Amino acid sequence: MDGFLLDGQLRRFLAEDIGQGDITTDAVFTANPEVTAVLAAREPLVAAGMAEVAGRVFQVLNPEVVVEYAMADGEEAAAGAILLRLRGPVRDILRGERVALNLVQRLCGIATLTRKYVALVAGLQVQITDTRKTSPGLRMLEKYAVRVGGGRNHRFNLSDGVLIKDNHIAACGSIRLAVENARATVPHTIRIEVETENLAQVQECLDCGADIIMLDNMGLAEMRQAVQLIGGRALVEASGGVTLATVRQIAETGVDIISVGRLTHSAPASDISMDF
Amino acid sequence: MDGFLLDGQLRRFLAEDIGQGDITTDAVFTANPEVTAVLAAREPLVAAGMAEVAGRVFQVLNPEVVVEYAMADGEEAAAGAILLRLRGPVRDILRGERVALNLVQRLCGIATLTRKYVALVAGLQVQITDTRKTSPGLRMLEKYAVRVGGGRNHRFNLSDGVLIKDNHIAACGSIRLAVENARATVPHTIRIEVETENLAQVQECLDCGADIIMLDNMGLAEMRQAVQLIGGRALVEASGGVTLATVRQIAETGVDIISVGRLTHSAPASDISMDF
Amino acid sequence: MDGFLLDGQLRRFLAEDIGQGDITTDAVFTANPEVTAVLAAREPLVAAGMAEVAGRVFQVLNPEVVVEYAMADGEEAAAGAILLRLRGPVRDILRGERVALNLVQRLCGIATLTRKYVALVAGLQVQITDTRKTSPGLRMLEKYAVRVGGGRNHRFNLSDGVLIKDNHIAACGSIRLAVENARATVPHTIRIEVETENLAQVQECLDCGADIIMLDNMGLAEMRQAVQLIGGRALVEASGGVTLATVRQIAETGVDIISVGRLTHSAPASDISMDF
Amino acid sequence: MDGFLLDGQLRRFLAEDIGQGDITTDAVFTANPEVTAVLAAREPLVAAGMAEVAGRVFQVLNPEVVVEYAMADGEEAAAGAILLRLRGPVRDILRGERVALNLVQRLCGIATLTRKYVALVAGLQVQITDTRKTSPGLRMLEKYAVRVGGGRNHRFNLSDGVLIKDNHIAACGSIRLAVENARATVPHTIRIEVETENLAQVQECLDCGADIIMLDNMGLAEMRQAVQLIGGRALVEASGGVTLATVRQIAETGVDIISVGRLTHSAPASDISMDF
Amino acid sequence: MDGFLLDGQLRRFLAEDIGQGDITTDAVFTANPEVTAVLAAREPLVAAGMAEVAGRVFQVLNPEVVVEYAMADGEEAAAGAILLRLRGPVRDILRGERVALNLVQRLCGIATLTRKYVALVAGLQVQITDTRKTSPGLRMLEKYAVRVGGGRNHRFNLSDGVLIKDNHIAACGSIRLAVENARATVPHTIRIEVETENLAQVQECLDCGADIIMLDNMGLAEMRQAVQLIGGRALVEASGGVTLATVRQIAETGVDIISVGRLTHSAPASDISMDF
Amino acid sequence: MDGFLLDGQLRRFLAEDIGQGDITTDAVFTANPEVTAVLAAREPLVAAGMAEVAGRVFQVLNPEVVVEYAMADGEEAAAGAILLRLRGPVRDILRGERVALNLVQRLCGIATLTRKYVALVAGLQVQITDTRKTSPGLRMLEKYAVRVGGGRNHRFNLSDGVLIKDNHIAACGSIRLAVENARATVPHTIRIEVETENLAQVQECLDCGADIIMLDNMGLAEMRQAVQLIGGRALVEASGGVTLATVRQIAETGVDIISVGRLTHSAPASDISMDF
């Protein structure tokens, strides 16, 4: 993740939460002594966004805040483990607290959930990827958390990947035509992916040389048939309603990629405290 | 919610998702016919953000998109119910789809969960409120969804409410001093709220005339004692780890307000589809 | 005032004044030696915005500019007194001069005028507050100057305070209905204020439990009656055309708050020079 | 003034005043009926910014607001005169009221004061101009108000005019050198102006062909001598502490331009009401 | 190209050129009559950016400007041909003229040059693509012009394509390691491209399964050998100093893609006039 | 050029090129060692934008990047000459490379071409100036490069210079009226320039006292006559299709200024390499 790009976002998040200033802290504190603040896990989690996100929030407020310790992103924290230790003026620590916590609770939540999906497919040749079902305005951060959790990223936005869906196919008349249109205009650096709903569509994709074939909401039996039919001639992505309960079975069908919207749209926030 | 303020946010969200342009749609469609798109509930939910948010996403892309029908925000939709029907050029509908869905799935999720909390305290004189534990950059929208679900809003940011917490008290030396400092500087339009952890602190708050007393992570028995002790001399807010399982009991202690972080930080997204 | 929020404003102000660059200074100076610049009061004034605003202007241009001395905000300066002494490259000092002076002349003007109002009510239990009648884009700074001068801030914007005015009442049908509507939706952290024009309206406010009653443009006798009628059951704010000539008499009616638009909309700029 | 440039500013001003939304209006109004609102002069004034600024504020909030009547900018309004009549949804009118009033009260104040200065020099060949002593962020608007009042604009910013001041001269060693440096680099479209404090400096300016000579804080007698000495070989600008009491005498010395900081930094706001 | 994204850029370009307003036009025109303006080619060119860019410039200034005729992008215009005919208020036409011309002269210049390259490889199975050597801030527009001219786009930015260059290889130790690292982290939707300088490196790429092999600044003979060696197992891109004189020979080596920096960094502006 | 203003532009340019992050570099580099990078001229050129622009690009990404050597702007570099030597973390150097090169290749191209024009008029009293025919969004930088090359700047934008063109004259009815209108409103610091197409118009300009007379697309003989006719009563600017082949002859007609659009709209990029 690029600190250069992140700072602008953090400033917007801080402005949202600070408004015209922290009137409580301004009123209550007559001095502004240095304090040490500690972020700690209240439940087991995968650390994500410690120094680069949570620490950075405070440094955007005041460059003199020092990150004294940060658990490495990707490390697994037990309940009670210290995630981050900061030192800085008390007012800056208090002003940044909520934004920092809101961010890392979400990022750790996503990394933790991703890690669970990844663990469930251990030993198989399959990637767990995210989708574009992210919180608006937070995609760069949430996709980072997926990588931290051991997942992979699907396309970032509509311009860095091609995914031909049912509506595109319907409008074009056929998968072949849609794929040919795409191949005639999109950069050669980008693979062409097509969403399919049945084996007939899978066959059409193979006939016109689609690079990636997505099996959308197929049953396990049909997926297995599709994987066989494709036989390595295209990458195969399973998609649609994947849960912790179903991911292993799906992986065992032999697909190359499983994309999971839940990683980002429904991961519960991790419970993290900040204390002095 | 203020459309004037929302549009700027929607433009940022769209830019994040569109990047340099929707290369799939641009490649596949040679024409740009008008289509009708329908958002429908795939599970029971409370509608939130239909015309003003989801519909607006498409109109920001193209002012000619027409909202033909929108379920009123706050209405309860059964699985399968139509939430929104739009008419506009197919390219604009496709470009806006993901942002619109990402937003309303989250907003309906929050409204739906809020409605559950509110229902559980039916018949009691208590408000269910949100907290500042919102997704960074989405606070205005998420607090709107809480209101749609029947909840109330706590302070929006650090400058429109006073909340004296443990760290403030520790730094000041006493609740009294903190409250006096606050009363000496904050606008008279804003009430002074103090977070307490035990009955002794509640008594201190009463002694110095705090306007609102937050009972933070207290047990039910202690809460009941606190409500009795306060006896209407201040508003009483219960806070800390409130769940659907505990909210009714907490409400029955007689508190005036129950603030629930889960409303926004962990509401699962509602399942909503978009079809042509 | 929050340096984090201020910097963005200062950059805009500097861009407005610098345009494409200071062509005079660029043309005339072949070198860029360090100089010491001094801001001094040309008339008695209350210092406001010295290190944090004026000094910061130059540091935004060049972080190497050093503030060697700054009179504390709130201190009273005699004519001729040094307010700020800076050291930095001559080009940066010259480029920032006009913006720094335009800001502090206004802020000192506001602080100085506020101090006069406050002095006139010395010994009485009354707050002098500002209004929303500030220069567009400068509210955070102007409200800061009011605090520096010893005044208090009224609500900052339309979302952090409730003020039910004549138009609201007319549209609602009654004060009671308007107050009840407000109480049913606004955060519990915010008091409800109602603007009244006569004693009948004051009574209505009392009947429905308004938290703050504004006496708008009432005569002194009527104000006194209103204060008596209210009898401590609500905060009382006097408003409307308050001048240095009338503020003491108004205060002596027993009101709790006097809001004064003149503090910000018509304070004459303080006369301040910058010399090398 | 350029509507294209103004809209961005108005949006910022509205965001400052509206915050997260007008909670009073949102709470009180259940419907949003069309109303007619009228801005009227409470004292004699020169109208400035009526349709293009005040009217535009409301249209930025809601393009459906209609300006039914606007007094032409520059026209003199008697106390009680109607300045602007609008029709639009009540909520938009109320949300925009304060920003619109804050702007036009300032603009009319500047135009009215400018008109007084201009009237005092009637019959003489002299221009009354503003300076860069404007409210940060409001320069385009305030300079517009000066033109509406009959004044002229001095340079807008540091890049569209050359003004060699005492510090420049001191640093360069001589007026000649400073002027030659400037002539060697600044665009040929821009005249070179030099600030002088005595007749010797005026003579130096003439010797090196300065285009405009500013007489800074000179007495009337010395100004007269300077005008004679210059004898039409350069434009002559008087500057420094010009008041309504002194402007006529200064003009009668024969100078071409009188620049008046007071036009913008200390004009009292005009008193304007908005009623339904 | 996405009008939604373009408008923000056009506003910035207009603000750069208009500054505080068009003082000449404002001074000279007392009225603002409708006029018809015509953009015409002064030399043969490929039209690019007519209605969507040039026309849009004026509509951003004033939505009432009407595009009465626009030559389709991609069409070849003879000297003298009318490219665009607009109708609108004279002030808006004059204010937008320079920005509109600066844009379309550049875009037509790029499209025209691209067309020449494409024509020279007619009949061969090869794509002419652009590079990232575009004018900072204008990439979306310049890449659009390349497409209009018949060229294809290479990656848009550093996040939507992988290109492993000499520095990456040196730092990693081997092509194999670099490719494996990339394959382990980048989205499956993106192909992996490696820059090679000799046949040994080409062989390394084949050994580790690179998707695209760039032949950087190779001679024709070596290119031919590389194409043979690769034998369809990867896409082949020729790059480096390609000119109109050399492009055909390069294409005849059998490469799939020829990327040409000159398309954007050195295309001379097309000569286009605007008249009333 | 003002670093304060430049940084914001550089951040936008970097965001355009970096997108969501440099996925190649992030994937390939496991460490981030310090490297030394060198920009070198591949052909003779005039250095422009070395430390302040190219160096600054990298420092915006990471303030710890050190510029170890930079050729002074304006110096002539032979092919192979080192222009800039930087030291910093390899990832930051790679991320900034393209933007830095795109900028300096353009700036050096402009400075180099300007130098050629200036050299061709050596010994004559004439200025070579640019025009407003710059790349949208890059005017400040491109006009800086013109100065570096020894040229002068014409007006920066529509508000810091007056240029009455054929359309203005046609709309006004006469040159005299247009000049009088301009003189009645534009700041006294700005000269009035009129575009003329023949000697009759030149005479009209003289009759009404235009400050600068532009001879637009006149032949050499007519230019000479115009210069004679004007006889020093106004500055004379030649404009229109000036090339390296014609500039000397034009200068010898005795004009004061020659404005050359080619300096910015068609200067070929200089060839510059970056190596470790």
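Per-chain numbering from 1; labels A, B, C, D, E and F assigned in written order.
Here is the rule we go by: a residue touches a chain if its C-beta (ideal position, glycine included) is under 8 Å from a C-beta of that chain, and two chains touch if they have at least 3 such contacts.
Note that the structure is predicted; figures quoted are calculated from it, not measured.
Novice: Mind listing the chains that sit against chain D and also against chain F?
Specialist: C, E
Novice: For chain C, which other chain has the most distant CA centre?
Specialist: Taking each chain's C-alpha mean as its centre, the farthest from chain C is E.
Novice: Please state whether the interface between chain A and chain B is built from the same residues or different ones, using more than half shared residue numbers as the mark of same.
Specialist: Same: most residue numbers at the chain A-chain B interface appear in both copies.
Novice: Would you identify the chain whose Cα-based centre sits farthest away from the centre of chain A?
Specialist: Chain centre farthest from chain A's centre: D.
Novice: Averaging over Cα atoms per chain, report the distance between chain B and chain D in Å.
Specialist: Between these chains, centre-to-centre, one finds 45 Å.
Novice: Measure off the straight-line distance from the CA centroid of chain A to the CA centroid of chain D, and report it in whole Å.
Specialist: Chain centres of chain A and chain D, defined by C-alpha means, are spaced 52 Å apart.
Novice: I'd like to verify one number: the distance from the centre of chain A to the centre of chain E, where each centre is the average of its C-alpha atoms, in whole angstrom.
Specialist: Chain centroid spacing, chain A to chain E, equals 32 Å.
Novice: What are the residues of chain A that contact at least two other chains?
Specialist: As it turns out, chain A has residues touching two or more other chains at 18-22, 95, 156, 159-160, 162-163, 185, 190.
Novice: Taking all chains into account, which pairs touch?
Specialist: Here the touching chain pairs work out to A-B, A-C, A-E, A-F, B-C, B-D, B-E, C-D, C-F, D-E, D-F, E-F.
Novice: Considering the complex alone, what residue numbers of chain E touch chain D?
Specialist: Per the touch definition, chain E meets chain D at residues 11, 14-15, 18-22, 60-62, 95.
Novice: Tell me, which parts of chain F touch chain E in their complex?
Specialist: Contacts found on chain F: 9, 12-13, 16-30, 33, 90, 94-95, 98-99, 101-103, 105-106, 132-139, 156-160, 162-165, 167-168, 170-172, 178, 181-182, 184-186, 190, 265-266, 268-269, 276.
Novice: Of all residues in chain D, which touch chain E in the complex?
Specialist: Per the touch definition, chain D meets chain E at residues 1-2, 4-5, 8, 140, 143, 156, 160.
Novice: If we count contacts the way the header does, which residues on chain A are in touch with chain E in the complex?
Specialist: My answer: residues 127, 129, 147, 152-156, 159-163, 185, 187-191, 193, 212, 235, 237, 256-257.
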